[in-house]
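Next up: the structures, one after another.
Each of the two complexes below includes chain A, the first together with chain B, the second together with chain C.
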Partner chain A sequence: MHLAKKSKFAIIIGLLPALLLYTIFAIVPILQSFYYSLMEWNGFSEMKFVGLSNFKMLFQDPLFWKSAKNNLFVVIASVLGQIPIALVIALLLNRKLKGAKFFRTIGFLPVVLSTVVISLTWSLIYNTKNGLINELLRTVGLESLTQNWLGDTSWSMIAVCITVIWQFVGLYLIIFLAALQNIPEEVLEAAKIDGASEWVTTWKITIPMIWDTIIVAVILCISGSLRTFDLIYVMTHGGPAHSTEVMALYMFNETFNKLQYGYGSAVSVVIFFFSLLLIFIVTKSMGKKMI
Partner chain B sequence: MEIILKPDPKPSRQSNKTIRKKWVKKSTIYAALSIFAIINVYPILWMVINSFKSEKEFTVNQFGFPKDFVIDNYISAWNTANLGILFKNSIFICIVATLITVFIGALASYFLSRFTFKMNKGIYSFFIFGMLIPIHSTLVPMFILLRDLGLLNSPITLLFPYIAFHLPLTIFILTSFMKQFPKDIEESAVMDGAGIFRIFWSIILPMSRPAVATVVILNFIYNWNEFSFALVLINDPALQTLPLGLASFAGQFTVNYGAQMAGLTMSLLPILIFYLLLEKEIVKGMTAGAVKG
Partner chain C sequence: MKKVGMMVLGVFLLFGLAACSSDEKTSGSSEIELTVWNDWTEERPENTVYRDIIANFNKENKDIEVKIESIPHDQYETKLRTQAAGKQLPDMFRVWPGTRITPLVEGDALLSLNPIMDKWKDKIPEGILKDYAVDGEQYAIPANISETSLIFYNKELLAEAGYDTFPTTYEDWKKLIASLTDKDITPIALGNKAIWPLQSVYISMIADRITGSEYLADTLNGKQSFTDERFVKALTVIDELTKLNAFNEDLNTIDEAQARTMFISGNTAMHVAGSWAIGPILNDVEDADNIGLAPFPDFGGEGELGKMTGAAGGGIALNSSLSKEKQEAAFTFLEYFYNDELYQKLMKANIIVPVQVEMDDSVPGILKSANEFAQGGGIAPVYDASLTPELTDVINNGLQSITLGEKTPKELAEEMQKAYEKNK
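Presenting the complex of A and B:
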């Protein structure tokens, strides 16, 4: 009783700090970007209302479409790279095995490292002159295969995607391992008694039983790789010749290099809805398949 | 009976075969796992080992251990990249942002999980929506907002976005943890005459220790590694955080590989030690954070 009387005031006091900071610095910026996206503005002089013309300009810019396509490429490479590798390693690790913990520790390691450190390390690895990969190729006598990995438009995107895949396999590995360990022992035991081989058990029992987790992982993978920015910014800056430019990088360049705050805000709005839409579509379509 | 007693060569041959098969299988599994482990760890190891080589040795002996350990790279990296300042800035931002986020997040979670009021569900969903916001879509408006508030390029600039964007996950994890406590906990405390905030501070918060540990670790790692906001909001070299400073350092000294590797190794070390010490908590926290985010 004593609690109920005082509680209304206390609830307000307790929620206010979090609510204020979150609203002002996370929600207001989104709303503001909607507003700015309708303006022509260099960030300093008077704003000019231009309606939807920023969006019109955006959709007519081939560079924007190129960055959207590159973004999609990163997403697809991540899903096709990270999920299968993580799943296979998780299946191999999910048994009584000496050293399983060691492999788990190593597997997750890249996930905790900062993207900047990873990008710089891999830039050194890809380096034409002294990089690990070219040096390795030279050592085994395959000098003809050495490339300017990050500087050649036909390799840059692949090189970047390999790093993206490398960075996050461990996250999905741990997620899959946790799901695999939740499968009741008796189910697999029963399959074994019925004479099912491990191969069959994996395909017919194990994978269907963790299907929900696989879907969650795919969604995570899509929304995560859509947000790739730091890694590409540090590794290639979107180059060479815009071959690795993704939407967030396009937005960054258009806004801060060309001082087009209105236009940049329009790109922000598009990224915002594009992300939400893609996650929505995947959740819906994969959800349907499940039934 | 007789049949069973008779020595039958077939089963034993078969079991020999199955033993061999098992051995082949086990070796294949270990081989595959080892390849995975090498790919995962060698890039980092390669960098750390080569950071101790002189420029000359690096060009001729890239794969071996350094013949004589050279620490010149470390000295020049520390001096040219101002690593001391970068470390100081990163540690300050990380600790302050984490403490504030977890404290006000825990306070909000306490009311969202232990009290019934009209707006409860709505406010909770409002917070959770934050996990869907792609951070990059807020870079431009965040820059404008902080500029208009006169908060660009100050020692506390990064606190605002870091706190705001990590509150949703913090509140999500803490609320779902606090919801599990039985109702009578507060009731007996109220009988003893404890006030609402007293109950939070001396009962609910200590009881939530495992979840608080998880969110502290998560916040710390995310803040320590954050780059985009720092890139957009901080120009002053004296205020740069570690990731931002490293990125610009590498851009300036593209030819000095040794110093670059030394700088990277030094910035890698704290998080590596942190990871090896708290592996279980970190892995648990980051996977939970990812799945729920």
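Presenting the complex of A and C:
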């Protein structure tokens, strides 16, 4: 501790390598894409300055708005799905439950798995002809409920979101469990002595005491879902008919499939500000000074 | 604790030294190393041929070492474009002909092969070489010809539906599809998740049959339009096939390889794919004689019936920024690689090649048919080899929308024309 007071120099030296790497690989590319976003460039040719016309084109593209809408859907599904589910499971596992360790490992497993593995496995589960879900429905005689989960535009987004939720519940579960274990025993004991029921203790003591952690989890969740790309790319390629296309995927297609590097950069700039805005709104509305 | 740490460190150092010394052995002489990027990831006979020849080359040429780096086909071109944008292309890389190399040529990323073209000039017909040339400069040598629209069919299942030979008109084809669905057999196995098959494999051929081969080039020159009713009619075929339930239900969620597996396992009567599927199908199918091969039927249009859509393929291009030394080495490699041995071995691996190779009886029936189709009426253009990347994207996604009933053929044609005019 007193080392920090003594020499600012040591701190700077310590931070320098990480800061340098971060600047080169994160900050500089972001600034670069600001620059590219004003150009017309196919990646090979000479760049041509076109001002804000990329942005004009972008805001007029209905496909971009569709991808933004889909992205918001993913954000909402993740926040409303991942956080509450993770919280409930964490509260359960925090009690002296038999086999809590086992369930904790099971819950965390999807986080460790590669996204490609998850995507391919869930694609098989969702398959309309011989997928697990439809087979199950058929076996119990609910054939009328079977769907072409990923192939039907009205179901594909929901199906993808369920997978996204499943993938990340474990992550927040661990975060919440850590926070729960930090609640001092005495506080809970005092509540018990005062005759508070379990329900009241949870709502009045436990949740408020980990509220900060919940906000962090929500922000992680939002920024994570705004960046979501790999899972959808492998599962559906954004299809069928753009029904699961999110902003990052839209950017990827415009840039690399249509060879519009300038336009693609404009898209990423918009995603950047969109994310900033969303996180700003959320932190403001949840009433904490996170950023 | 400290002792253990030292031991671990010691072990690491030992391994480090060992690695160094073994490195020195191979790179001791002034050996030129060339990296070649390709998409030979699948276990296919032709990929083995390519790899074998490179291995032989490395054995015979002590001073040149060619290193193979393989990237899965679906990601290959994306990766190539990304690297090209960052000027980080490898020494040599597999490229596709037509409009797919033009951006690379325009960005000065490719080295012209004109200085060494004498070796191939008389061997490979000009019409095929032309695929890899831009403005008179040759940028790669074709290793094979791929036909992109072949109908593979299961003779047994067709017989069950009452057909001994494959229908030659569209009307009869639809009847066949209807009688197959009546018998609860999925008529055509299609895997369109990656969204190119319906365009590349289906529309290229169907449109050529209906509009003739000049239409596509004329449209891209502005002399014709995508809203031409003949082209709309071609798109309508996909709509009609979908409505007839000609495809498996999960067409948009499985990929091409999965669809091929469906066909090979004998559950579906037909599978439409290019010549790249011949090898895998012959390899994995239980009874090769049960598989027939047919060209697309007559759609009653202006195209010649003998034509087959396709393109030259298997070309390897060189990085324009190679040093003099590396350039020489790369030329030596290309001369070694694109040789009779390659073409003969490819033919044995069920690949159609651009040069004349003698065929014996061991060549399977469907390969012979495929070869006949290629010699039949010439090569017709493939859509995604001619369209700009942007138009390709529009038609790929549009065709998927048609299969979902979310877009009509006419709407797609209009959308394509609009995209074309925007970028004119």
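As a convention for this text, the second predicted complex is superposed on the first by the 262 of 291 C-alpha atoms of A that agree within 3 Å, B and C clash if a C-alpha of one lies under 4 Å from a C-alpha of the other, contacts with A are read in each partner's own complex, and residues count from 1 in each chain.
Here, a contact is a pair of C-beta atoms (placed from the backbone, for glycine too) under 8 Å apart; a residue touches a chain by one contact, two chains touch by 3 or more.
As the structure is a prediction and not an experimental result, all values here were calculated from the model.
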Joint occupancy of chain A by chain B and chain C, clash or fit: clash
Contacts of A:V187 with chain B and chain C, given as first, second, both or neither: neither
Touched partner set for A:L120, first chain B, second chain C, both or neither: first
First, second, both or neither for A:G239, with chain B first and chain C second: second
Which superposed partner A:I11 touches (first chain B, second chain C, both, neither): first
First (chain B), second (chain C), both or neither touched by A:K258: second
First, second, both or neither for A:T139, with chain B first and chain C second: first
Contacts of A:I76 with chain B and chain C, given as first, second, both or neither: neither
First (chain B), second (chain C), both or neither touched by A:G43: both
Contacts of A:A248 with chain B and chain C, given as first, second, both or neither: first
Shared chain A contacts, counted only where both chain B and chain C touch the same residue: 43, 123, 127, 256, 261
Interface residues, chain B side, partner chain A - complex: 29, 32-33, 36-37, 39-41, 43-44, 46-47, 58-59, 62-63, 104-105, 107-108, 110-112, 115, 117, 123, 127, 130, 132-145, 160-161, 163-165, 167-168, 171, 186, 190, 195-197, 200, 221, 224-225, 227-228, 231-232, 242-244, 246-247, 250, 257, 260-261, 264, 267-268, 271, 274-276, 279, 282-283, 286-287, 290-291
Residue ranges of chain C touching chain A (in the complex, touch as defined): 78, 81-82, 84-85, 103-104, 106-109, 193-195, 248-254, 389-390, 392-393, 397, 400-401, 403-404, 406-407
Residue numbers on chain A that touch chain C, as the complex places them: 42-45, 123, 126-129, 148, 150-153, 236-237, 239-242, 253, 256-261
Chain B contact footprint on chain A (complex, rising order): 2-3, 6-8, 10-11, 14-15, 17-19, 21-22, 24-30, 32-33, 36, 43, 85, 88-89, 92-93, 95, 97, 102-117, 119-125, 127, 130, 132, 135, 139, 166, 169-171, 174-175, 178, 216, 220, 223-224, 226-227, 229-230, 233-234, 248, 251-252, 255-256, 261, 264-265, 268-269, 271-272, 275-276, 279
